[in-house]
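Following: one structure in structure tokens, then a few remarks.
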Amino acid sequence: MTDINTQEIQRLYEKLNKEAEDGGYHLNPDVEFTKQLVESLIINQQRYGYPACPCRLASGKKEEDLDIICPCDYRDADILEYGACYCGLYVSEKVLKGERKLQSIPERRPPKEKRSESVTQKIQTGLPYPVYRCKVCGYLCARESPPEVCPICKAKKERFERFM
Amino acid sequence: MTDINTQEIQRLYEKLNKEAEDGGYHLNPDVEFTKQLVESLIINQQRYGYPACPCRLASGKKEEDLDIICPCDYRDADILEYGACYCGLYVSEKVLKGERKLQSIPERRPPKEKRSESVTQKIQTGLPYPVYRCKVCGYLCARESPPEVCPICKAKKERFERFM
Amino acid sequence: MTDINTQEIQRLYEKLNKEAEDGGYHLNPDVEFTKQLVESLIINQQRYGYPACPCRLASGKKEEDLDIICPCDYRDADILEYGACYCGLYVSEKVLKGERKLQSIPERRPPKEKRSESVTQKIQTGLPYPVYRCKVCGYLCARESPPEVCPICKAKKERFERFM
């Protein structure tokens, strides 16, 4: 690894860490491990032109890989269920604090033929995702379940209610 | 007060202050007073397992106290009407700048038997809260009235419009 | 320019820069030029009591100028179409990186008689703006098109989908 690479990795690591903390997420506290993932993201950025998930096989066609550009569409559901995203780059607060151990995480990404299911179709039978509301600040988001922490006021998951 | 406590208070004070400013809120500029409240939050965290409001009597059952975990569900309405939350921990920009004096703040929390009124019931007769939209960045939130400052783009309250 | 003014400009410049970066926006990287705009904002703040757009003629009546208080209601649409807001204070990522040149930007603000068109009227025939959802974190916003970057999780525009 050249000096420039080390600097680049450090820079991206710090940027991702700040963005994560500001938004109520956490990078894996194992810095050595995390920096390896960050390096893979830089390599994928150079190879494909976008930072595809380091732990999945990218097709190289951006429109087919949109859902696995890091952070992937499956991150939040995996953090909720397993305490970490598929790669282990992002972890839950419990894992961060050592109150929960990481286990292996099954692949949540649907097979290719099911991925294209249009949100527009789902809308015809109601909203494609439930909308949750932070009772503290009124923040709204549409997800399978509320975020671990409100990205606006940092209230915890249990302060969210179903809104629509 | 031990040295460790002072450090702990300072740490939580700085964390809450950063989170407040990032989200368009403000801690009370009377640092001495504010740190006393922060200390009470730490004590409540140790006693109950969650940082119940320092100025209210917690039941000790988390599910009954959710609405008064700090920041409480009533903070934003009190800041809007009285310039500060019930405790005086969070204040409006006018109070911060000394353009408005603090007065005593009546208890907004409903009596226990009215607290459980289900949002789901309210939904059946339309949305439980109006949705406001920041005209500058499109941020949406569901609250009795818009926030003092848009947490995303920092546009002021008067730049919000009723959206739903 | 007095010393105090230079300090004031520097302070506001830094504040706006931090707020922009935190929310996925960027100030014009030509710092000299940008600070002139920041100075004009301070002058307008003193003259009118609010930071009206430096490149437009304010009426001096706040309720008539709400849409051109900086950041103006037209910023995001101009950044999307032209790579910068009308003044050139805020620029797109491409412009920031030198991958796109700035051109002159036509005035998007409607003539006065069309400005007052009530959002309430638009609501009667459906929502006044489409609602977009970040597929990564579930952030919702109501705008003509998605933001360049999700202000919560920093996912890019192409990760947004139409939600309502």
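Which chain is which? They are A, B and C, in the order written, and residues in each are numbered from 1.
One rule holds in what follows: a contact is a pair of C-beta atoms (placed from the backbone, for glycine too) under 8 Å apart; a residue touches a chain by one contact, two chains touch by 3 or more.
Note that the structure is a prediction, hence the values are computed from the model and not measured.
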- Message: For chain B versus chain C, which are copies of one sequence, does the interface use mostly the same residue numbers on each side, meaning over half shared, or is it different?
- Response: different
- Note the rotational component of the Cα superposition from chain A to chain B, reported as an angle of 0 to 180 degrees in steps of 5. 120
- Task: Between chain B and chain C, tell me the centre distance in angstrom, where each centre is the average of that chain's C-alpha atoms.
- Result: 28
- In chain A, the residues touching two or more other chains are 22, 140
- Within their complex, state which residues of chain A touch chain C. 19, 22-23, 25, 62, 66-67, 69, 71-73, 75-76, 119-120, 123, 127-129, 131-132, 140-143, 147, 151
- Touching chain A in the complex: which residues of chain C? 22, 133, 135-140, 152-156, 158-159, 161-164
